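Chains: A, B and C, in written order; residue numbering restarts at 1 for each.
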């Protein structure tokens, strides 16, 4: 959070604490604890899915965004981005479902669906971030004799980094939020406990999936927020 | 082609599911507007309360929808509504609060201080300033928040089919469990089109609601 | 030396061909500042940007020290030309030091000499190296950023500099200060500079020569004094302003027209001596100086004739004095403020250096320029 005051910190602590008290007092903790082994196993699958698909989306999305922002793409880039923007409105469940019709069930369609869902925010932010680099910086860079590659690496990308990072953060939030659905197409993960828990109306099982899923999502977002704060250089970081 | 015949043969029920879908999202976002806009205006009075409210709202949005359903089921079960449309509406309402509160807050705090001073200088009360200057200027930005909320929650409502809330997600969930690509693709396409259509319509509405003096 | 030969640039636009530069011919001698001046859209910036090939000329040649720039690698050419723009263009992701070192490092300098150069330059513009080298641009004021923009362009010691309205975005007070600093640096660095401006006052102050542009053509290319005193046509006259004669006041300093022969006597001198000195000089006034040769008072010939005692008995305190280096605008302003026809001026140590009179000022303004008055 931008100006996370002490109050917000305290509130979040209180929220976690209250959740803890509720879970413990209602006797649910012991019901959840039954699934400890499952939780750990599925959490690992879950994290692998997030890391693999999210990582791939970064590795592919950033170069695509850079490529679209090059002068040579000027004419077609806007149209491609329009298509991408429509793409981002497609619900993630639909993306996952369509991935299944293409690739069947298992890790591959889950990975692919998550990859596609997280790709768009990264491409979009990389592209818009690079285009938003002020003209006069580029003019200064060209004027002092930088090659196009030097300008990209030393001027354009560092100045777009904050926006690129915001895109990665959004993408990972989408990714982590969608990963529970991977279970539906045989991709495993904590979704297994949640969906099975709902079907069986087994509250313990349900929470054994839901609580770690929620905590993981909050944790990933927190880590990304911190990373954005500390990894984006001071001169171009509005948070610092 | 098979998908086409499926759609033609089940047109009525698809429309019915779509209406269910729209109702869930519409009711929930409607409540979120009623609750969120006043909250967004109120918190402009105190920055640290604003930070706290926005922080909590942003944490809620971070929680994956199916996990949020999971967390609500035990609580709502105590009143006999663990599954069904109620948890779906509540979850969507909670998710919608962040974009609506945030945009309202940002829009009101970003009103040009000179305008506010001019309004005060011509003798408007603080209530008049709010209703005649600040809110009209903020409306397009608030609408942008509503649009974000609607598009995001059409997706959430699709997932809510798994807790028995109905809507177009039913086609997808049946399609997956029965390994029936016709239903699955129909559901996926229908829900995507609904999201794209809602996005487009609300964008038009947003432009319509922008006072003509504010368009560039 | 920069030479532009028949330099032409045409742009194809939906509304037809636009000629941004039309057979521009000019030579900027080594070590001089040439100001390209004109209203917006007159082609001055286009002409400038063709020199470092940010804009490709349609035809014509540009020679730097006799070498055609078209024959050179564009990237290498740019690295040897300092470039300053109005928006400054400091890279926000780099510290001040990194910004200054960009070109030297691209030219293959080691890190150490590049950093030493950065420290040396930042010192040159009066900023504390320890304080500023490791800051980011956003932590500097506008004036500080502009100074860094200028020294970044100077980092690799390029013989030629291009400055595109470099001080345009700064408030008037700071602009004046930075202009003065820059002129002081230029006095020792002797760069060959093309300087775009839309401000006649800045052009008169900074330029050794001024080129007035209109519609892609040079209307007049001359010294500031000649542009002000002899505009070649109505456009130039209009552009430099109806007060162009008054603007020439800034081009001349008090010492250039002061009469150093005005008699100066001590307080204790006898009136008779003073009177003789005044007669020998042919004036009607004597200046009274103190023990440190500072002008403090004056007495007129009428008061002194037939008087007894010492000059000090008749002297009136001087209402004001001006430094000999002050330009005539300041001098005239001081005269008007004190309602006097003449002022004593002082050298850097405050010693009496002569007298400037209103007739001398008007004679200067009336004088046909190009005469060896200013030089």
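The criterion applied here is as follows: a residue touches a chain if its C-beta (ideal position, glycine included) is under 8 Å from a C-beta of that chain, and two chains touch if they have at least 3 such contacts.
Quick caveat, the model's predicted, so the values are computed rather than measured.
Trainee: State the chain with the largest centre-to-centre distance from chain A, centres being mean CA positions.
Mentor: Result for the farthest chain: C.
Trainee: Hey, which chain is the most central one here, using CA centres?
Mentor: A
Trainee: Go ahead and note the Å separation of the Cα centroids belonging to chain B and chain C.
Mentor: 63
Trainee: Quick check: how many Å separate the C-alpha centres of chain A and chain C?
Mentor: Measuring from centre to centre gives 57 Å for this pair.
Trainee: Using mean CA coordinates as chain centres, what's the gap between chain A and chain B in Å?
Mentor: 20
Trainee: Touching chain A in the complex: which residues of chain C?
Mentor: So the residues of chain C in touch with chain A come to 52, 54, 75-80, 83, 85-95, 102-103, 106, 136-138, 152-153, 162.
Trainee: Note which residues of chain B are touching chain A in the complex, please.
Mentor: 47-49, 51-52, 54-56, 58-59, 62-71, 73-74, 77, 82-83, 151, 154-155, 158-159, 162-163, 169, 172-173, 175-176, 181, 184-185, 187-189, 191-192, 195-196, 199
Trainee: Tell me, which parts of chain A touch chain C in their complex?
Mentor: Spelled out, the residues of chain A in touch with chain C are 134, 136-137, 139-147, 150, 154-155, 158-159, 161, 233-236.
Trainee: So in the complex, the part of chain A that touches chain B is made up of which residues?
Mentor: Against chain B, chain A makes touches at 1-5, 7-8, 11-12, 15, 26, 28, 86, 89-95, 97-98, 100-101, 173, 176-181, 184-185, 191, 194-195, 197-198, 201, 203, 206-207, 209-211, 213-214, 217-218, 221.
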